[in-house]
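Please go over the structures that come below.
What follows is subunit A paired twice: with subunit B in the first complex and subunit C in the second.
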Partner chain A sequence: MVAQNIAFGIIAAITVAAALGMVTTRNIVHAALFLVAVLGGLAANYVLLTAEFIATTQVLVYIGAVMVLFLFGIMLTRAPIGRIPQMTGATWPVAALSALALGGITVYALIDRFGTDSLATDNTVFRTADVSDSVFSQYIIPFEAVSVLLLAALIGAVVLARRD
Partner chain B sequence: MLLNQFLLLGALLFAVGVYGVLARRNGVMVLMSIELMLNAVNLNLVAFGLQHDVVSGQVFALFIIAVAAAEVGVGLAIVLLLYRNRKSIAVDEFDLMKG
Partner chain C sequence: MTGALGLAYWAETSIKLGVALIVIPTAALMLGYLFLLKMMAFMQSRLGPQDVGPYGTLQLIADAVKFLQKEDIHPAVADRRVFRAAPVVVLASSFLLFVVLPTGPDAVVENLDTGIFYAMAVSSLSVLGVLMAGWASANKYALLGGLRAAGQLIAYELPLILAVMGVVIQADSLNLQEIVRAQAEGEIFGFGLIGNPFILTQFIGFLIFMISAQAELTQTPFDMPVAETELVGGFHVEYTGFRFLLFFMAEVATAFAFSALATVMFLGGWWIPGFDFNAPVLNVLGPVVMLVKILVVAFIIFWIRFTYPRLREDQLQKFAWKVLIPLSLANIVVTGIFKVVL
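So, the complex of A and B:
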C-alpha cells in the first residue's frame, strides 16, 4: 500500500508538471512532447487503478496514433519550430482566473464530499475479458455507434482536408 | 490509496486544460488542451469504476478514447483547412462574425 502511494506521488508530480509545461511553453513541439509525458503518466495511473487494458489502449491510441497526428498537424501548418513569442493571447489573465476558479471549486467540492474515503481495493479486479464481455453485451449499441462515428470522422476528415 | 487522490489529480489536469483552451492562440495547441481535459475525465471514470465495483467505468473510458481520436482527426482537418485558406491558425484572428 505504501509503495503504491509513493508511486502515485511520483507519477502525479510528473503528470501535473508536464501539464503545466504544456500550456506554458513557447515551443509548440515541446508542448507536444510534454503531452506525451502527461498521457504516459495517466497510463501509469490506470495501471495503479488495476485497469491494464485501458492503460494499454492509452499507450497505443494516444501516444502512438494521436501524437503522430498532432505532429503532422504542427508540420503541415508550418508552425515555427523554435520559440514563438505570441503563444498566448491577450486574454490569458481571464483564462487563468477562470481555470483557477474552476479548479478551486472542484477541489473544494471533492474534498468536501469524498474527504479521506479510501479506495475500495479489495473489490473485483476486472480483467480484460470482463471489459470485453461488457462491451459486447451490455454496451453493444454504443459500440456500434462508435464504429459509425469513426467512419463518419474518417470520411469527414478526408473531405475537409483534400485539395480540390 | 484514497479515492480522492485520483479525483484531485483529474480536477487539476482538467483546470490546466481549461486554461490551455482559453489562453493559447495556436489552433493545434487548443486541440491538445482539449485532449488533456478528456483524459482527466477518463481518470475519474476509471477511479469511480473501481470504487463502485462496476466495469462500466472502464468501458466508458474506452468509448471516450475512441471519440477523442475521432475528434482530433476532424479537428486537425479543420485547422489544416483554416491554414490553407487564411495562412494562419491563430484562433484570435478569426473574427469574421464580428459586426
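So, the complex of A and C:
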C-alpha cells in the first residue's frame, strides 16, 4: 500500500493546490480550468480506491460534459484574457462559510456511516457489474429519486427556454 | 505483481509504453501519408508527393522536421500558459484512447474493465483542449472555431455513446476484449465459423457510430470548426511550428483510434475465424488483422471527407438532435427487446 499512499499524497496535493487556484484566480476561464484539474484529481483518487467505473464517469460527465458546457457558456458570453477587475473575491467570507458548512455535513455523514471501516488491502477491483447491481438493488430508491429530480430540472429548463 | 509476460509490473509497463510510443506516431504517419496525401491526390487527379523517398513515402517525416525547425510564435496578447497547454491536452486525449485498444488475447496496454466507456470518456477530453486553444489565441476566428467545435462535439458525443450502447447490451460487457469474444463466439443462425460480427446485428449502430465519429474528428462534412473559407483555420489559426504539428498528429491519431474502436466493436476486432480465442499466435497475427480492418474503416472516413461538401451549422445540429439521437435511442430499445426475448 506504500505506492498507493505516495500516489494519494501527490494527487491530493495537486487537487488542493488547484482548488486554491480556482478560488483565488482573477480570470474566469482560469478558474474553470482549475476546476477541471480538481475534478481530474478526484477521478484519480477514485482510481486509487479501485472504483474504476466511478472515475471514468467522473471524467466523462464532469470534465467531458459539464466543464465543457461551463467553458462554452463563459466564452459565448464574455471571457476577456487577463485579470478581470470585477472579480475581486469580495464575497469570500460567505463562500468560505457555506463551503465549511457543506464540508462539515459531508465529513460528519461519512464518519457517522463509515467511521471504522477500512478499504480491503488485497487489491480487490470493484467490477462495473457490482456497481450496477448495488445501484439497482440496494440504492434503487435514491437512484430513482435522483432520476425524477433530473427529469424535473430538464423539463424546467425547456419551459424556461421556450420563447412562445 | 506480474503480468502476462511474467515480468515485473514496472518492466511490463515500460515495454508497453515503449511500444505505444512507437505505434501511435507510426499510425498517424501511415494514415496521413496513405489517405491525406496520396488518396486525396488521386481523388483530385493529382500525383501527390513524389520526391521525398519512394513514392513520396517520407514526405510527412520531412514535414515534421520542417515544423520542428520553425520559430515558436505566440500572439502578443495571448494567454501564454493556456495557449501552450491546449495542444498537449488534445494530444493526451488521443494518446489515452490507445490504452484500451486490444490487438490480441494479451496484446493490449491495459485491459480495463470499463473499456469502451473509458474510451468515450477520454475522447471527450479533446474538446477541452480545443476550447482552450480557441480562447487563449485572443483571436475572434479562433474563438468562433473553438465554440463551433464545442457545440458540435457535445451534440455528436450523445449519438456516439448511444450507438455504443447497442453493442454493449448485445455483448453483455463494457470490456473491449469481452466484446471481441462475444463476436468470436457468436453464431449467425447456428453458423459459427466466422463468429457474429456486430455490424450484422448492429448495422444502424455502426452507421450512427461512423457518422458521429466523423463529426467528433471534425472531418468534412462536419469540419465547420476549422472551415478555412469562413474562419481562416478555426481554433488552430494562431498555431505554428511544433504546436500545430501536435494538433495535426492528434487529429490523425484520433482518426486511427476511432477506426480501431469501430473495428473492435463492429467488425470482430483482432479475432481470425478458425482460431481458438486465446491462441497465443493471435498476439502476432491479431495486430495485422486489426491494421487491415482499421485501414478499411479509415479509408471510409477519409473517402467521405474528400467527397462531400460541408454542412451548415444549423443543419449539423438538427441532424444530430432530430435524426441521430432518436434513431440511436430506438436502436437501444430494439436491441434491449431482442436481448430479453432471445
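Throughout what follows, the second predicted complex is superposed on the first by the 118 of 164 C-alpha atoms of A that agree within 3 Å, B and C clash if a C-alpha of one lies under 4 Å from a C-alpha of the other, contacts with A are read in each partner's own complex, and residues count from 1 in each chain.
Just so we're on the same page, a residue touches a chain if its C-beta (ideal position, glycine included) is under 8 Å from a C-beta of that chain, and two chains touch if they have at least 3 such contacts.
Please read all numbers here as calculations on a predicted model, not as lab measurements.
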Open item on the list: Just checking: does A:29 make contact with subunit B only, subunit C only, both, or neither of them? Give me first, second, both or neither.
Closed with: second
- [ ] State whether A:72 touches subunit B only (first), subunit C only (second), both chains, or neither.
- [x] both
Open item on the list: So in the superposed three-chain picture, is A:98 touching just subunit B, just subunit C, both, or none of them (first/second/both/neither)?
Closed with: first
- [ ] For A:59, decide between first (touching subunit B), second (touching subunit C), both and neither.
- [x] second
- [ ] Could you say whether A:47 touches subunit B, subunit C, both of them, or neither, answering first, second, both or neither?
- [x] neither
Open item on the list: With both complexes overlaid on chain A, does A:17 touch subunit B (first), subunit C (second), both or neither?
Closed with: neither
- [ ] With the two complexes superposed on chain A, say which partner A:37 touches: subunit B (first), subunit C (second), both, or neither.
- [x] neither
Task: Between subunit B and subunit C, more extensive residue contact with subunit A - done: B
Open item on the list: For A:134, using the defined touch cut-off, is the partner it touches subunit B, subunit C, both, or neither? Pick first, second, both or neither.
Closed with: first
Task: Those residues of subunit A which subunit B touches in one complex and subunit C touches in the other - done: 53, 57, 65, 69, 72, 76, 79
Task: Sites on subunit B touched by subunit A in the complex - done: 1-9, 11-20, 22-29, 31-33, 35-36, 39, 42-43, 46-47, 49-53, 55-56, 58-59, 61-63, 65-74, 76-81, 83, 89-92
TODO: Give every residue of subunit A touching subunit C within the complex, in rising order.
DONE: 27, 29-30, 33, 36, 52-53, 56-57, 59-60, 63-65, 67-69, 71-72, 75-76, 79, 81-82, 125, 127-128
Task: Residues of subunit C that touch subunit A when the two form their complex - done: 77-79, 82, 112-114, 117-118, 120-122, 124-125, 127-128, 131-132, 134-136, 138, 143, 146-147, 150-151, 153-154, 157, 174
Task: Complex contacts: residues of subunit A adjacent to subunit B - done: 1, 4-5, 8, 12, 15-16, 19-20, 22-23, 28, 31-32, 35, 38-39, 42, 45-46, 48-51, 53-54, 57-58, 61-62, 65-66, 69-70, 72-74, 76-79, 84, 86-92, 94-96, 98-100, 102-103, 106-107, 110-111, 114-121, 123-124, 126, 130-131, 134-135, 138-139, 142-143, 146, 149-150, 152-154, 156-158, 160-161
